[in-house]
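The structures come next, written out as structure tokens.
Both complexes below contain subunit A, partnered by subunit B and then by subunit C.
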Partner chain A sequence: MKKTITPIILLALLLFSCFVSASPQYGGILKMGTRLIQPSLDPHHDMGFGGFEKYVAFNTLIQYDQNLEFQAELAESWEIPDNITYIFYLRKGVRFHDGTEFNAEAVKWNFERMLSDYSQVRTLFDVIDTIELIDDYTVKIKLKHPYAPFLDLVASNALMVSPAAVEKMGNEGFQKHPVGTGPFVFETLDRQKGELVFVKNENYWRESRPYLDKIIIREIPDDQTRLFALQTGDIDYDNNVLTSNMDELRKTGNIKFVSILGKSNTIDFLTFNCQEEPFNNKKVRQAVSYALDQETIAQFIGHTELIYGPLPDTSWGSNPDKPVRKYDPEKARKLMIEAGYENGFSVKLKTWSNDPKRDDLALIVKEMLAEININVEIEVLETGTLFQQLMQNDFAFASMHWGGGGSLDPNGNLQLLFDSRSMYNWISNYRNIEVDTLLQQALEITDRSERQKLYWKAEELIIEDQPMIWFGRFVDYIAYSSKVHGVEPLKPAGYFPFPDEIWIEN
Partner chain B sequence: MFEKNTFLYRFFKTLCQNRLALSAFLLVLLFTFFALLSFIDMFFFNEKIISSLLYSPSRMSVLEKLQPPSWKHILGTDQLGRDLLARIIYGSMVSLVVCILAVGLSGITGTVIGLIAGYSGGLIDDIVMRIVDIMLAFPGIILAIAVAGFLGPGFFSIVLALAVKSWVIYARLIRSRVLEIKNQEYVRAAYAMGAGNARIIFRHILPNCISTLIVQAAMDMGTIMIAEAGLSFIGLGPQPSLPSWGNMLSTGRNYITNGWWLSVFPGLAIFLTVLCFNLIGDILQEVFDPKLKNKKGE
Partner chain C sequence: MARYIVGRCLQLVPTLLGISIICFFLIRLVPGDPALAILGISATPDDIEYIRELYGLDKPVFIQYIIWVKKVLCLDFGKSIYSNEDISGILISRVPVSFQLALLSMFISLSISMPAGIISAVKRNSFLDRLICIFTTAGISIPGFWLGIILIYVFGVVFPVFPLYGFVNIFSDFTEGLKHLFLPAFTLGLSLASFTCRMTRAGMIGVLNENYIITARAKGLKEATVITKHAFRNTLIPLTTVIGIQTGTVLGGSALIEVVFALPGLGRLLVDSIFTRDYPVVQIIVLLYAIMFVLINLLSDILYTFLDPRIVYS
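Entry: the complex of A and B
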């Protein structure tokens, strides 16, 4: 009798534990592996990709939620009386990790620091004209000119650091010992060992958060080694796994994957030089677009999300019913004849080294364009050299990547890339006065639905002109042990999604 | 042609006596044949020969990507569904051509410099040899990486990088041979009879250096091939549309857990070729230096 009961009890316990796992648990240590612990942990100094260690100790005034709506964080509410004025009403009773109070004075100090020479985010916030204190918990920011994505900027880049801590330790000291209001408090940093430890902020302003007791970040530069560490359980979370190993990892079970792209506007594309032969002809650009079968490209390379324009479908700036150019070799050939390139031409495709996906992409494009008599020569360059050559207008066709200008606002993919006065216009040398006007208008209106209309119109014009081939975007993954929950990335900057929400099964 | 005591006669005689060396020689012949075939095929037949025998090395197929070795694809396929055997055969062309050009270039440069230094002696000798000493103080591969990095990846920059790395060995070797020969009686006699410098160098000294040169070149083929693979591996080799063993190996590294054949077979090709070149080098040494063989025999 006893013998039969034991397994039943065990089974029941097992089932029970399955149900329990659905609700968050407190406590536990999350061990994360990363390629590199950023040299500086000061968020105003050199924001690095993947530097989630820069985010966990801090908060911003407002934050995006998963639907890309703004939600209150350190600011309880905000107001936009006209298109150059932003008023933030701050949360009361919030304290920095060092015990000093978070108030309007601190916000003003932070924005001034971000605008100082020391700051690497200065160019982003250059649009700020004055910062006024209305009372202890109200800040009014005036801009030099209308700039609609300002809230996006505040949500993405304005992390609030403790003024008292910076004054006490100096900028150098602060880079090694971050102090903010965030869910986790900096404990130790051991560069020799490559270990960074954060512990739970017991006085966090958000009630009953965070779940975790501790986050240990380990620097494991080699991708393969980090993968093995994940498999053996030395770490529970790997912020960047090699996609080539994923199929193998999937078989081992108990490891979950999530794309780091989240709701970001990161895109990969091939860009034309729209001002030089032969791609100054719209028909040639469209022909190339028709000749490339993006579904096949995605199948070859794997781990590629399809996009159909300069913005991914997740962005509110992109029309879900936008016109799309699908693979059609017949149309491609016809357009080549119309453009007077019946016998085709030779062109150099510039791409960069050390990325196997990009090598494969170049080879596939070469094969596909041979079908319409375009002979592609592949030139692999260092990233720096490639960008330099693009900036010097020394290219016809190149393989590129765009991180959305670091923002989740469609402006980052449209105005920055396609406005002929933008500092990034060199990526494709695209010029269209109508598009310029639309994008400029969109910067001056703060209402999202009004802006959306303008962006949809601009998007349509840009797709018609085809200054780039938006074939898709390469997906990188976070891999984590199945006992970790609440991993929902929003954008790749930081890779680490909402540290308050992550919990771990005991 | 096959008179006794000619070089070729002794070479083949030694080969026939040593089965290992014979197989090495045959393997090198096979690879050379492959390289030649691919060369002709690529430049004159537009990949038709290899396409009819196997597959075109640039033919991609989504359905056949990352296939393990099978009857259809004897060595499997890579991440773009290209046949690995076809690519290894084409890769032999790049690898061998790079090696031959690099060895040739460094051999000629090194010999010329060694001859000048050894023959003229004095200050010139001192200067040249100190330069050689400085070059030798660098690890060769680091020097090659620096040169290839400076010139940018490409076919000829890799040849140049490898030549820069290895000319010093020839210069040193030839110089010491020249010093040895220069003071022998027949050279002095030629000098006494009024032979000019050019005549002495080209008629009396150089022919006696050739054997050393050939042995060194054969040995060097292996080292250069490994260095070429290494440079291709870190992305400084020829452009990706041209398969070379080194860049195939480098691509294979990304698929080591789910596609072992992608790195094993190109690696094996490099390993075998290098081994064969070294074995042939040994044989050549025996042929040119019978004393060595006798010593071994005892």
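Entry: the complex of A and C
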């Protein structure tokens, strides 16, 4: 009874707060606690995804809205005359924080920097062939080959930095002093104190934004200490709350939660090596799927969102009516017999350390698979070691995580994982020529509804082949004081809220 | 004496050489790759190759070692693979944190443990002795990070006397610095004190049974003089050894305490660097530890001659 009441109350509170929060207020300081302030604040020198702090000072040419449609940001509009040409018409009168003008020249310079040896987003943008200036506010980008998720790439990863600032400070200086066109201007970074401060950009191009006067980001590595800081009001926004601490925080009251996964295509799964015994047999993979009861797993682990295929339901690349393999131990046993494994077999499940949810997952999977005579032996490795072994094809069954390939486009979960020529094919060694063709076609068409049809078809084939077990995805939370509003994770690839949308009640 | 010190310093050379070889090769034996550790699953083969080349990891390990030693001898510590910052710059910001924490916690430890140990020995088997015994047993067995979290909760959340976390340099703002350092130093100091207190007690009990103590008492010296001048001074020799080792350990920083209190010290840096396979940083820190330990041992050896004039080095 208690369990059902809490969500209802939360929902009521949520509706109530939506109603109250109709008119944003200006002013205030947002104090954010984070595990780690990234070593480099240069978005082109990005090791992995980084944190919120990387996006505060910058804009991209276009941006996603909450319905996952593209919106104008630094580009007022854009055109795609053919599937390798993208023309961006830039917003006029935008200035970088250092006073220099944002124009086509700056865009070209930025893309060239992203393609340079210094850049760590280089491989992402490798698809670009030429960048041409049409006039002061128009840029034409030609690709080497059709690549439909290019707009997604521009929205998620092409942050525009100030060329003049980089030339003045050098790359290394810029890593400690980011300068962009964004809603907040870098003020100070004190590594010893673990504090990073941004102040409002008074000349922001987007009228009447941002709301906040200041954002202070504090580095507090310990989860428990960060929790205390949130409870005492020392910070009012915690980037990453352990789910085990949520009940404690609920007791404190005045704290809101939002899933850190936001709209991202993040998934957690178990992967098979589709080219090696025993999982090279589709029937065995399907049997495992029938033997695992998703709902029990999610309940056992807790804070796990169900997914039913390689894409979460929020993605437009996933068919809401896709076929789903429901828990059915009878069918599982039958398939095992058909595959010639009535006596079962032993297999090693490789998983990684430092994650209690993943430990629980391995345990319950072991229990459930014992029912169909599969004896699971759990091997715990360090993340890097696990990836390395997978890359070297030294696995049969492994516990994995995928962050959407750094993109909100379905391509990041489908082509990158399942195309046999993809550089991430080692995750399951999945090979299906029909799927390859569909995914390749989807890359060549820029129309979203056309692509959707191809992705739905590919998704169906992949689910039939079952190269992975998509049991769900582990949710972590952003927790913030109830006086903070406008926290809707979306950027980039779904993880962080827009800094210019956040406001604080006085 | 001077010759002795010079000789000991010369011994540093083979020690450091040995340690540098061990840590250089050991960290590379650990499975994993800096590029993979940093980029995670999204590392493309290109990225991995790029990082290997950039930091010379594609060369044979032996060659890498020679290059590294040459550079370190010229005080060029290189750059961190993870943060791309100069390691000397990182050390300049990290070392003061660990040093200030270490000195304050040693101070707290000694000012608790010495008196407690002496009282415990002098009033052996009394109620006070038993009480101290309970506390020291608890102090040794309670993990530091747990005590830290409890202290933050009590003195930061329930009774907000001290700041929850963070570091302020004592030299730039003394009161704020002290306030920020007190809880972590107290946490660390308490577990160190428990051990030193036990050592003091054991040493004192041994000495108090010696004949010269009886003599001292017999010639009518005040009990306080007997205890401080005759008994305690003689227990200082074994204590110095223990305190020396403890100082070396805390100077290297305590990773767990530094994480709990968000102090950007050496211990946290070392642990983080091991996880990201940041070879250059790990090597320099281990080397730094080695130098500190050797120097502290030397210092305590020299201290012996002052504490006990019978000890002479030649």
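We take it that the second predicted complex is superposed on the first by the 475 of 506 C-alpha atoms of A that agree within 3 Å, B and C clash if a C-alpha of one lies under 4 Å from a C-alpha of the other, contacts with A are read in each partner's own complex, and residues count from 1 in each chain.
Just so we're on the same page, a residue touches a chain if its C-beta (ideal position, glycine included) is under 8 Å from a C-beta of that chain, and two chains touch if they have at least 3 such contacts.
The shown structure was predicted, so the numbers you read here are calculated from the model rather than taken from an experiment.
Chemist: Here subunit A is shared; do subunit B and subunit C fit on it together or clash?
Modeler: Subunit B/subunit C on subunit A - fit side by side.
Chemist: Of the partners subunit B and subunit C, which touch A:379 in the superposed model: first, second, both, neither?
Modeler: first
Chemist: Which holds for A:242: it touches subunit B only (first), subunit C only (second), both, or neither?
Modeler: first
Chemist: Would you check which partner chain A:405 touches, where first means subunit B only, second means subunit C only, and both and neither mean what they say?
Modeler: second
Chemist: Once the shared chain is lined up, is A:363 touching subunit B (first), subunit C (second), both, or neither of them?
Modeler: First partner only, subunit B.
Chemist: After superposing on the shared chain, does subunit C or subunit B touch more subunit A residues?
Modeler: Counted on subunit A, the partner with more touching residues turns out to be C.
Chemist: When the two complexes are placed on top of each other via chain A, what is the minimal CA separation of subunit B and subunit C in Å?
Modeler: Closest C-alpha pair between subunit B and subunit C: 6 Å.
Chemist: Can you list the residues of subunit A that meet both subunit B and subunit C?
Modeler: Residues common to the subunit A contacts of subunit C and of subunit B are 385, listed in rising order.
Chemist: In their complex, what parts of subunit A are in touch with subunit B?
Modeler: Touch residues, subunit A against subunit B: 242, 244-245, 247-248, 296, 299-300, 353-354, 356, 359-360, 362-364, 366-367, 377-381, 385.
Chemist: Residue numbers of subunit C touching subunit A in their complex, please.
Modeler: 31-33, 36-47, 50, 80, 82-85, 93, 96-97, 149, 152-153, 156-157, 160, 164-169, 259-262, 264, 268, 277
Chemist: Which residues of subunit B touch subunit A in their complex?
Modeler: That would be residues 58, 60, 62, 65, 79-81, 152-153, 235, 239-241, 251, 254-255, 257-258 of subunit B.
Chemist: If we count contacts the way the header does, which residues on subunit A are in touch with subunit C in the complex?
Modeler: Residue list for subunit A touching subunit C: 39-40, 45, 47-48, 117, 120, 122-123, 172, 175, 191-194, 218-222, 224-225, 228-229, 231-232, 234, 382-385, 387-388, 400-403, 405-406, 423-424.
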